[in-house]
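Working notes for the structure below.
Chain nomenclature is as follows: A, B, C, D, E and F, assigned in order of appearance, with residue numbering initiated at 1 for each chain independently.
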């Protein structure tokens, strides 16, 4: 299978990080391509930036369709651009947030998203509510700007761990590019830690294996 | 990977059908084993039968753990025994109902479960509510006993199709053993048709690929 | 009236305690019989143990039907086996959790269940959600094993009291066998304290007085 | 026990009907007194009339407290005046709507209120939502004025029966004074039919037997 | 336009305060009249007092209709009497609580009501739930009696400010007569502070400008 | 006051229509300016087109800020771009969908949005759910493309009227540019008919009169 992981912002190092994370769980015969918009915003931390992020997603899906991409992962917490991408793409599209939430729901009764800037809590909650998981998922923030991720995220392990409480059965990392936190936090917290990009890959692969893509009845018809 | 698909009832032909369905979407290196309880009930169509079904699931997980099974799918609509299995198994456990619902949510905004006996509508709704998807999923029934599935389900295509309405963007088959309805109904209805056992396989494979299993914090601790 | 209070676990001292509690509020002409499964688990503190608890409930209802029992109370927090018992019994079946919740809703706008092991919070929440009372009821745990109840529960008054907060208008004791906590905690906390077994007796008596039992339309038809 | 059934409107024949219904299920040692306001409205079919109904309830509770009444039932669908009565009375107060809903939830998974004037659907829904039962209860109306009940309700059996659908597992009569519909409709529909006043009596008796009344913490403190 | 601001209690100084607040935001051509019931209760702090408050509202609307009032604001947190007033009045009726909540929802994703006596939290929550805003609005109390407002509310700024937390994006003052807290609290807290009476005026004016009043289909038909 | 009504699509005739509608209810001293993006999409009928619509909104707000605009109305059903606009603008921003819903909730207990293409039902539901009004609002579609509005909407009165049912207490027109349907449909249906742009004007004017704009705490901070 030929998949594209779309980073909706223009930061190429972020794309490299998420592609690397995706490859670790992909089937041996899956090819993962990264997509980075040539213009837009360096990170998506507001509703304003989400509009540019969504535009970047559309742009990459258009390119992907020309290249025969069979499925897409949108690597931005909040899943900006996912509905538009679903309408545009022929193959399935999965957002990292919805993928993380579904994965968490299979292994934990209650779980928590820890996101970066406090202002993006509402972005996470939007996806939690669209899936109906408000009764099982809480959203908190470490309140650090996304720019702090340049050069890796390992230095953030401590402030993430501080957000975890006794009744958090699993932890979702609320931003793309945090994969290198999964192993140390899992060890430290003694409970599952989920990266949404990693979680999304088997979901897209599974949809393709089942021959499934977005329904063209009503909501996600081609535009 | 070595997975077990557990049929909670004692009908071996049903086990064969679901194992066959599972193999079609599994990764090439995945081995699928069927599990059938030696005692219990021939089908699960009531809360009373669900207790025996859950007991059968526990029984098979015990055997599976001895055989080195790495992950389980419970092939009974309503996901009877799934929480108990999660507590008992070391690897991940996925119910066919939750798998079907998550898969549907990725490809359709609104979707519908069509189950067999009308009395099991509440069993499906229990899973829909546990996942929080009541705002996107409706449950209907063709009101046919499960025994009608002996010898295949192709003759049911017509009564399933009758249940589908204009705003159903995807259809979930509300019983195990209906895989041979997927292709004809997809063609007839022009919208995705989902079989939960098929949907569950990539979810279990994906959890194993990520090194994830049920959290041992609180709810699903080992008993 | 001839009622059975079913203890789903095999601990006979627990059965004695709940039968004694039930008799205190029963009508003068009501006969209360205790039911204890001869095999199963000594306490129900996990989903795995709930399956054996439900089996014990079924077993006792079968015996009760032979003895002309007119109504049943299931004395296990989480109401394991209640739907199966409803399908099997001719008379009404009431779980101690649903009884406690309905009773609380009549005398308090907001109320709290305090259960024993933290892992059973999800069992309580399942009943709270089935009744739709999440907006009025919180669940907390003292995180003590059920085995601590041998020899009575009076020594637990302190840790229960610690869980109560200013906006808890009433307290529900989240386990069978805690009746001797009702009087001391009511005095100490200055607010109603509810034992579910005690609460269930007038509900069953009332259903019998009205000639009501489980509807045989759809969900709880005889199996 | 000494209970008062309060009819919030000034129609004495309605009071007689509900007192008679109440007596049929009361314990042998329970004394039932009817309460009718001397001024107010002849029936409660609007929010405007509910204010006068609530005033009538307050008036009767004041009298009841002087007479040593130990518990109250408010016999008006929509439970007008119940919160005020709870604050005022020393003993427990139960509304006929909440009583009917709790009773239905114990014997049916899905149930339906059939009320009289269409404009009062919102009054019923207010109680359904306060209890959180919207996922299990539907409200419909026969759209007949309450005045049609003078001289009994037996002639309404037909239009009530027309409102019942295949998935209604039980029926709640959405007005006081419909007790004589219970037996014929139960026979005709083959499913439980519930009268709220009848349902409320064992609930009040049970609260008194448990020594419970409205919590004086926060919401229902004495005024 | 000719509007009446109804104070449901008998405290005339409160009426003066709310009329003054209303005039500050009204259109230049809007005439604001205050309405105070001649009998009833000096403040509305319980469900019992709400019944008398509602009666006062009805009384004032009757007078207003004779005087040609075109629209009404009910100046009592909890919106007592608003549905009755809607049925009675020919012009639109807006409660200060619903007005405050709608205003908050337009300028803040999450917001908090801070009300006075702790026992009235349930009154605020009733309006929050009727509008469906529980996922965005929290209710807290300073637990001060309404009588403390005589002579103004400026001395309460400190205890209101103490209730505000980092994720409260806006604050709703949970009582009529707190207008003089708006400016100092806005400055102190650096976030919007909303007075419901002030918020209601443009809503009523807007309904009148659009020629809209309560629908006479079903729920709010004239009584 | 100086307000801008932003049409997120490039169809200038639509802008003219909505500006005209807005002027009819605006205060005499309010100046209404129309905003039309110079590039983008001719109508917004998909999630894909919503991204371009949002971009158009951002573009117009930027221009508006330079021109001293004090408040904005976004004239597109589904409220595309509203959160981004709130972050960008100094004055308040109101979407026509949220305005219509709030207005409906003040005059009707249950109401219905009738939108144009069936595929946009999900766009309306997104706003309904963000406000929490799912229990009071239904969404239906006439399934006509937006292009049918060129030359006015009066010819659509019939198919809109067909969608209205007995329990719809008010009707919301689910698209911008339908103002000329308000009067004929109100007369024909005998219940309030609401145009969201018209409804939004007094809301923006009211926020400005109160000195209120989007909170800069968390969610809608400036980007």
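One rule holds in what follows: a contact is a pair of C-beta atoms (placed from the backbone, for glycine too) under 8 Å apart; a residue touches a chain by one contact, two chains touch by 3 or more.
These numbers come from a predicted model, not from an experiment.
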item	value
Fewest touching-chain hops separating chain B from chain F	1
Interface residue identity across copies chain A, chain B - same or different by half	same
Comparison of A-E and E-F (more C-beta pairs in contact)	E-F
Approximate Å spacing (C-alpha centroids) for the pair chain A, chain F	31
Between chain D and chain F, centroid-to-centroid distance (C-alpha), Å	43
Centre-to-centre distance between chain D and chain C (centres being mean Cα positions), rounded to whole Å	26
Sequence positions of chain C contacting 2 or more other chains	109-110, 118, 121-122, 129, 134-135, 166-167, 218-220
Set of all touching chain pairs, with the criterion as stated earlier	A-B, A-C, A-E, A-F, B-C, B-D, B-F, C-D, C-E, D-E, D-F, E-F
Residue ranges of chain B in contact with chain C within the complex	45-51, 54-55, 58, 81, 83-84, 86-88, 118-119, 121-122, 129, 218-221, 223
In the complex with chain E, residue positions of chain C that touch it	109-110, 135, 166-167
Residue numbers on chain D that touch chain C, as the complex places them	25, 27, 92, 94, 98, 102-103, 105-110, 131-136, 166-170, 190-192, 194, 198-199, 201-203, 205-207, 209-210, 212-220
Complex interface listing, chain D residues touching chain F	118, 121-122, 129, 134
